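The chains carry the letters A, B, C and D, assigned in the order they are written, with residues numbered from 1 in each.
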Amino acid sequence: MSSEISRRKDEHIALASSDAVAFRERTTLLEQVTLIHESLPELALEEIDLATELLGKTLRAPIVIASMTGGTERAGSINRELAAIAESRGYAIGLGSQRAMMRDPSMAPTYRVRDVAPNALLLGNLGVVQARDLATADIVRLIEDVGADALCVHMNPAQEVVQPGGDRDFRGGLETFARLAGELKIPVVAKETGCGVSARVATKLRDVGVKTVDVSGAGGTSWVAVETLRAQGAAKALGESFWDWGIPTAVSVAWVARSGLAPIATGGIKSGLDVARAIALGARAAGIARPVLQALQAGGRAGAEAFLDRVEAELRTAMLLCGAGTLDELRNAPRVIGPELASWLGTM
Amino acid sequence: MSSEISRRKDEHIALASSDAVAFRERTTLLEQVTLIHESLPELALEEIDLATELLGKTLRAPIVIASMTGGTERAGSINRELAAIAESRGYAIGLGSQRAMMRDPSMAPTYRVRDVAPNALLLGNLGVVQARDLATADIVRLIEDVGADALCVHMNPAQEVVQPGGDRDFRGGLETFARLAGELKIPVVAKETGCGVSARVATKLRDVGVKTVDVSGAGGTSWVAVETLRAQGAAKALGESFWDWGIPTAVSVAWVARSGLAPIATGGIKSGLDVARAIALGARAAGIARPVLQALQAGGRAGAEAFLDRVEAELRTAMLLCGAGTLDELRNAPRVIGPELASWLGTM
Amino acid sequence: MSSEISRRKDEHIALASSDAVAFRERTTLLEQVTLIHESLPELALEEIDLATELLGKTLRAPIVIASMTGGTERAGSINRELAAIAESRGYAIGLGSQRAMMRDPSMAPTYRVRDVAPNALLLGNLGVVQARDLATADIVRLIEDVGADALCVHMNPAQEVVQPGGDRDFRGGLETFARLAGELKIPVVAKETGCGVSARVATKLRDVGVKTVDVSGAGGTSWVAVETLRAQGAAKALGESFWDWGIPTAVSVAWVARSGLAPIATGGIKSGLDVARAIALGARAAGIARPVLQALQAGGRAGAEAFLDRVEAELRTAMLLCGAGTLDELRNAPRVIGPELASWLGTM
Amino acid sequence: MSSEISRRKDEHIALASSDAVAFRERTTLLEQVTLIHESLPELALEEIDLATELLGKTLRAPIVIASMTGGTERAGSINRELAAIAESRGYAIGLGSQRAMMRDPSMAPTYRVRDVAPNALLLGNLGVVQARDLATADIVRLIEDVGADALCVHMNPAQEVVQPGGDRDFRGGLETFARLAGELKIPVVAKETGCGVSARVATKLRDVGVKTVDVSGAGGTSWVAVETLRAQGAAKALGESFWDWGIPTAVSVAWVARSGLAPIATGGIKSGLDVARAIALGARAAGIARPVLQALQAGGRAGAEAFLDRVEAELRTAMLLCGAGTLDELRNAPRVIGPELASWLGTM
């Protein structure tokens, strides 16, 4: 890979991990979920069990380090650091889009993390538009190269459409999910990247055999924002208008759960309280992308681990104070829903 | 026309196109319509069809350059520029009130745009109070002089009543609509100018044979504001009190649609997202007055077209991201209605 | 009357007519009544009829200059100026509490206005606690001395209880209303002074024969505020806590109307739009106290009349723009009720 | 006791009584209870009866000086001053946690107040985790030593869990209540310390025989805040996240009352209006901790009494103005509930 492309890619990561790409007004609406204090928890803190089943493996804690990177030397070292963290802490870890390694096999090593994460739940990643245009056998090769346990197929039409030169033709997406759900030996995760999955889309996915959805909803990183900051002229103006487009994470989690699918709550998760609220709404696990990357960039592996320690401590504390010893109990814990979230959930 | 009257008329346009005449607190409530993201649109951007039937013609895009001007040299050139834009882009174009040309036939040329817009849907314009006092044959002459496809008959009692010397007697309005709907060969559009059309008025209009309503609701240009800025003393004080009087555009569109009439959503439309929201509420097309005039004044024809390009791009993007390939699909797209709009819509 | 007492009384009026005695946070909630624009009013402005029946007389416009003063030379001249205005404009006029003239007959002349207002609807005034302790015959004498058409019996426990030396025993109030409603030849108006009349009180009053209630609700002049500004120490602290105590005027009007009584909407009426909203909620007329006094003090009789001209012009305009030719039509006009008012009205 | 420990304990009191330990965003929601003005109270102020039965004694007024301190010389003198106030005014008085005197019998004198408060309702205090680990006989000794009429057993898992070295094992809490309710001769009060008691916890407590609950809800003193201000590093970060954790006092009072238990409304009570609102929601009495301590520290006994005079005057005034002559009447008085409180009360 030319150092020019590599430099551009690294700039892209730098931008996407800055606070400038956050949603502006729209929030996750997780802040409208109030868990109710239990004065008599009848639990010991150490007894609390964070374990969750996800995609055939057991996570020690319901945390997914969400799909981010690959394709440059820097990206490769990020992937290895995050994967080692996931391995040691019992999380899932997602790779960034494998499109780069598909186009240029010399990039494959920047995605390979199995040596440092032999047991972690490892998620491959590919855009649905790319997947549509590939034979299943080619996709299988990508999966096997990295040893993924499941494949995230991401849907990101909002980003594409504001990106100069981005995809403009989104036909055949559902058929692609149907094909992959039928033909791959590993599970397929339908994944957004910051705009959330609607009840309508969840139902369609369920009907073609998808079982797990990473909602990646509105309120955290806005990929329209990333493209807007890189665009000029009309594209920039269009991006400004759609900066905050998307379904809040809390809403999407609740909708996907109602459809009978297993939601991963990604998009704007910043704390263990957010994780707890998402689980209370039905999430199987919560995904975190930009905040983990920021912590890694600011403080190295120790910084990322300190951030994740805090997330776990908060989640555990919230569970204790709700009297929930397991995630299943948390899913049934009493809660109060604020008016804006209630009005979204009344719809559709 | 004396250059004195002409100067005053031009001043009027300058005032009416400035930001000083916007509503202050009341908004269109279109911002309370949230369209729901569709991750799997199953559409190609270029496939999206913006075409709409309106008043017997097909528009390429659901945009009406709303009735504004006529009666001075400057007004004439504005009309011709806007009409040429409408022609080239497949929009509808409205003329300003033809009262001036009725009183002074020498002004007629400032309304004539058919040479530059032979095919565009062209809307004549007359106040309902003037129309009441004219024989149908005289109105037919006004229509034929400009070659209009339909006649907007505007209702503006709020403006009149705060205007020193304005109309004070609004009897016979409905009867006028009944007569014109019965006797004219072209369709009649009942049009407000910034205060919106209520469900009660919509029903009355429907019952006398009107089929299309330009709601021109609250939240954009306030004609009470225009008159207030020109008034003195008691009239000014009265105008201040009614500056924000009117039914928000979103409300009026929904009410008119429920009555079984075809609404044109005018009043405070500033973006393609606004157009999309209005269509989702049932509008057949959206009308834009002041923002187009401002873009024209600031940047000439190229400026106006750049503004309209942006509106179309946003509309198209919003449709794609809702999975709506046509305006009819957009009308059925899922949406979340905010509390203030919901409370208006609960009421009749 | 000693000039000392007289000076104190005049200071009291000065204080009670200043903006310092307004409610702080609580409003009338009339601002939550949105009247709905009617584009086809089918009315001429001059045809609009503001007349209302009140207490056996016909007012030209539904305006009561509410009970304010008496008992000093300055008060006497205010009464005469306001009464002359009421006479010439067809309003009702209320006198201030006649307790002063009961105690000191030399003050009676400051309440006598029949020479300047031979036809105006004239309302006498007495506190319910004083009325309780007087024989009916003595009350008849007070009424006849001033030639009142009806007697306002005011209830003001909030003011009394924060006032050092104020009344502390409110027993026998309802019985007093029963007695006066039975024994007086003129109608009795049960009147608050700024805290509003509840549904429960309205029902009790109705059951003892009262037919008209001046709600004098929260949102305008706070009499607790007046006493707080005059108090020291513990009384001042108590007053601060109850400064905003009371039922908003809009709520009280709706409750009283529901009870089958005729409400006069007093308390925080500042404009003709407020009058229109109050009438839409069921008021027979609207009362204005402090704003009229302020206009009189600032601009003399001409100032007060200019203020009242504005109120009438706004009311008439609002009626026209609702398509209401009479107050009865206004009472049936469509309106949207905001959430805070709706939540009060859902309650008893 | 070493002067070192003593100094630390005194610092703790100083911190816990400062405004720095208040909740930040979350309020009691008592401000969402609007009592409705009654213009005809049919009461004399002096006739109003504030008496309430609590735990087998009659309080002259429904006020509990809530459990605070003990264990240092300064604490002992605070206890004696507050107890003397309670005795003279007919309130209940709570002692701080008796854990200190249990561990070090030389501290017992700082809890003994019966000589200055022979008749006041006196509440002992012990944490549920300590009580769990003690034989009933040992607890009886603690009670008898101070001559308590009832024992508050406090539940404070939120405080413990953010406190470095705090309790982490909360099993056996309910069983402890069951045991003490069965075996003690005096009543047991289940008491929170600032996070409120949920409907679920109330039901469990009721089912094991507890009859009275001090809700100590959110909106006043935050014990998580106290510990956060004393903590470092990860514990501090955790504390920041849970600073506002808890059920608002108004909500908890209503929930506990619905469960058929007698609630004491503690947590953020600042005024007599707050007391009145809490009683209207079903509280038997209201508890005040930090505000009483602050008044005592700022102004000595006279300062505390002036504060309590104000609370009583406001309560009495509120009752008069609601037409409630007794606390039972106040519990049935009409009120309007704001939207946020209504949404909590709709839940669970």
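The rule is short, and it goes like this: a contact is a pair of C-beta atoms (placed from the backbone, for glycine too) under 8 Å apart; a residue touches a chain by one contact, two chains touch by 3 or more.
According to UniProt, the chain labels map to these proteins: A, B, C, D = Isopentenyl-diphosphate delta-isomerase.
Computed from a predicted model, the values in this text were never measured in an experiment.
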* To do: Could you pull out the chain whose C-alpha mean position is farthest off from that of subunit B?
  => D
* **Angle of the C-alpha superposing rotation, subunit B to subunit C, to the nearest 5 degrees** => 90
* Asked: How many Å are there between the centre of subunit C and the centre of subunit D, using C-alpha atoms for each centre?
  -> 45
* Asked: Could you state the distance in Å from the CA-based centre of subunit B to that of subunit D?
  -> 63
* Asked: What parts of subunit A, by residue number, touch at least two of the other chains?
  -> 339
* Structure fact -> Among line, ring, star, complete and other, the chain contact graph is ring
* If you look only at subunit B, which of its residues touch subunit A in the complex? -> 36-46, 271-273, 306, 309-310, 313-314, 317, 320-321, 323, 334-339, 342
* subunit C residues touching subunit D - in the complex, by the definition given at the top -> 128, 155-158, 161-162, 168-174, 177, 190, 192, 195-201, 204-205, 218, 234, 237-238, 241-242, 245-247, 339, 343-344, 347-348
